[in-house]
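Presented sequentially are two complexes of chain A, the first with chain B as partner and the second with chain C.
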Partner chain A sequence: MPAGATYEPLASTTLTGTQSTIDFTSISGSYTDLVISIYCQNAAATTGTRTGLLKLNSDSGTNYSYTSLSGNGTAASSARASSQSGGIYYAELPRNGNGPNVFGFARISFFNYAGSTNKTILSENSADLNGSGNVVRIVGLWRSTSAITSISLIGGSEGFASGTRATLYGIKAA
Partner chain B sequence: MPTPTYVAIAKTVLTGSQASVTFSSIPSTYTDLVVLLSARGSHTGTYTQFCVVEFNADNTSLYSRTFLEGDGSAASSGRFSTTYIINNALTTDTATSNTFSNMEFYVPNYTAATNKVLSDSSASESNIASGPKAEVMAGLYRNTTAISSIKLTALTPALGASNFLSGSRFDLYGIKNS
Partner chain C sequence: MIGALVAGITGSGGAVASSYESIATATGTGSSGTITFSSIPSTFKHLQIRGIFNDGGYNLNLRLNSDSGSNYASHKLYGNGSTVTATGAASGTEIDTGAYGGSTTNTMSTIIIDILDYASTTKNKTTRHFAGNDQNGSGLVWVTSGLWTSTSAISTIQILNIYGNYNTQTTFALYGIKEAA
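Our next item is the complex of A and B:
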C-alpha cells in the first residue's frame, strides 16, 4: 500500500496588495506538526526591518513567551520576553524601503500542535539586506493545552507588502 | 496516491574528491528548493572551511550574507558582500575521521521576479575542544532571474582551491505549495 503524503500543503496566500495579517483558519487536527514558510516584506517605506508577531487561536491573553538568538552582522545576542499578549516573535521583516525586491524568509515549525500540552514553535528567520539585516532563531511557547486551529501572522505596524507569500503545510508521522 | 509535494530532484554522492557539485537545469515547477549536504572538505590546518554557493553561474558582486555562529567558546555575528554566498561550517580533513558536516540551504520563491533569499543552518561537530562550528546564515542574491542552477564549491579559509572528499552527499529537493 503506498504511503500517503507526509508534507502536505494545506493553504497558500500570495498578496497582491498590502495586508495587515495573514490568517490560516479552520486548521485540521489530522496532522502531527505544522510548518509555515513565509517569504515576506513589511510595507513601510523606510529602511531596516519590522518585528513580526504571530497569534494562535485569536488568543490575546498573556500566554505567549519566546527566547531569541540573533546576529546583526556585528554581534550575537539573545533576548527573552515572558507573559506576552501580543504574540510570539517569529521574524524580522525587511521593509519595502530597502527596495521592492528585497524580501526575507521564515520557516516556522509548530510541534504537536493538536496535543493537549502547551505548544512550542521554532522559527528560522533570514533577513539579509546587503549591508544590514539579521539572522534569527526563535523558540516560542504558547501556554495553552488547546489544539491550534488558527494562526495569525502579523505583518508589523504597516502590514505585509505585496508579493509576500505564505504557505501552511501539515506533516504526518507514520 | 497523493501528489508528492516534497520531491527529490537530484542527488550526488562522491566516490572521489571533487572541487564542486552543480545542480543544473532545475525545473521551475516548484515553489521552494532545499539543498541538503553531508560533506567533508580536503583542507587541513583548521577544523572548518568554506562551502560557497553560486546561482545561475553568476560570480559577480550580487551576493551578501549575515551569519551567526558558535564555536564552542563564544557566539559571534558578521556580514560580507561578495561574489558568492559563503558557508563556513564545512568539516575539514583535520577533523575526526569519518565525520561530515551537515548543512541545509533553503531557497524560497526561487522562480519569483524578486531578489532571492538563502536560509542556512549548518553544523560541524567532531568531538574536538575548539574549532567545530554551528552556523546559521541569511543570504541574499540580488537578482530577479529565476534560479536554474546551484553550484557548491569547496574553498579553503584563504579562498584557495579545495575539494569535497569521497562520501560527501548532496541532495536537491523541490517543494510545492499546492
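Our next item is the complex of A and C:
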C-alpha cells in the first residue's frame, strides 16, 4: 500500500547576483534519495557553455569520477574522467554572452545518499543555445562511504549568473 | 569562493503536499536475481522506480504481469566513456534496459525507470530507463526504452537478472505519480 506523499522541497535559492557556488549544507539523513533541479547560467560574457562540477562534503581529494553521454546536434560522444579532485561533472552551463535569458537545465539524483556504499549520481542536462547546444547524461561516482551532508554546485570559472535557480528535494521510500 | 548558502536542512517542516508517493521498497537477498513488485494499485497515473543495484555485472531486465511471451521490444543508446552505441531488439521475452549492475564492493549501478499510463487498458505500455555505472576508470551511461505490446493494466513488475543475484545492498523503490483530480 502507498506510504504517503514524498518528493519534498527542502531548500531553494534564486541568485540575485553572480555567485561562485550554490551550497546545500546540513542535509539530514532522513530521506532515501536527493534530487536537485537547477535552471542555470554561467556568468561569462562570451558565448558557448562552461562545465559545471559538484563537490560533496567539501571533499577535495581525488575521489570523483564520471562517465558521460552527449549529443551536440550533429554527433554523439561519450567521455570519462577518473580520480578527479575538482568534482563530478553535472552540466553544461550556457554562458551569459549567449543572451541574458538563455539558461540550461539539470536534474541531478543522489541515490542512497545517507547509506554506507560509495555514492553514485545521475544527471540529466540540457543546454540549447538556439543554433548550438548539448543534451547530456552523466553518471558520477564519489568514492566515499560517508553520508552526504553537503553539496556544492560550482558555476564554472566565472560563477553562476543572476537568475540561476536551484531546488533540493528529498525522496523517502516506504 | 562565495557561495549562495542554503543551510540548515532538517528534513522536517516546510514540506508541501506532493503527487509523488512511495508505494513499496524491495531489497536484494544475495541469493536471487529477481525483485518483484506485485499488487500494484491502479490509483496513480504513472510509476517510477529508483534503484541501486550490484549483481556482479549482469543485465537488468523487466517483465510485466509475469508475461513470458515474446511481447517486448527495447531500444538502447549508451556510452562507455569513448564510444556511443545504439541498438534495438524486438519480440523479446523481457524488456532489456541495457543496464548492468555494479561488480565492485560498495559501488552500485543506479537506474530510474518511468512507466507512463501503466493502468491504461487501451494502450500498449512504454517504459523509459536512465541508468549509469561508474567504477573510476570504467563504466557506462544508458538511455533506453522498452515496449510491452499489451493493453493490460500493469499490476506486477519483475526486475530480473538472469545470470546474477542482487546483493544485499541492492534496493529498488517503487513510486506512484498522481494527476490532477
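Observations, loosely collected:
Just so it is clear, the second predicted complex is superposed on the first by the 169 of 174 C-alpha atoms of A that agree within 3 Å, B and C clash if a C-alpha of one lies under 4 Å from a C-alpha of the other, contacts with A are read in each partner's own complex, and residues count from 1 in each chain.
The rule is simple: a residue touches a chain if its C-beta (ideal position, glycine included) is under 8 Å from a C-beta of that chain, and two chains touch if they have at least 3 such contacts.
Computed from a predicted structure; not experimentally measured.
Overlap between chain B and chain C is detected when the two structures are superposed via chain A. Touch criterion met: A:104 reaches chain B, while chain C stays clear of it.
In the superposition on chain A, A:165 makes contact with chain B only, not with chain C. In the overlay built on the shared chain, the residue A:137 is in contact with chain B and with chain C. Applying the stated contact rule after C-alpha superposition, one finds that A:37 touches chain B and leaves chain C untouched.
Counted by residues of chain A touched, the larger count belongs to C, out of chain B and chain C.
When the shared chain is aligned, chain B comes close enough to touch A:127, but chain C does not.
Of the two partner chains placed by the overlay, chain B and chain C both lie in contact with A:9. Contact with both chain B and chain C is seen for A:76 once the two complexes are overlaid on the shared chain. Taken together, the two complexes place residues 2, 4-9, 12, 69-70, 76, 124, 137 of chain A in contact with chain B and also with chain C. Those residues of chain C that touch chain A in the complex are listed here as 1-12, 14-25, 41, 43, 50-52, 77-84, 106-110, 112, 130-137, 139-141, 143, 169, 171, 173, 175-176.
Chain A meets chain B in the complex at residues 2, 4-9, 12, 37, 39, 69-76, 99-105, 107, 124-131, 133-135, 137, 163, 165, 167, 169.
On the chain B side of its complex with chain A, the touching residues are 1-6, 31-32, 64-70, 75-79, 81, 106, 108-109, 112-115, 117-121, 136-140, 142, 144, 175-178. Chain A contributes residues 1-13, 15, 19-33, 65-70, 76-80, 82-83, 109, 111-112, 115-118, 120-122, 124, 137-141, 143, 145, 152, 154, 160, 166, 168, 170-174 to its touches with chain C in the complex.
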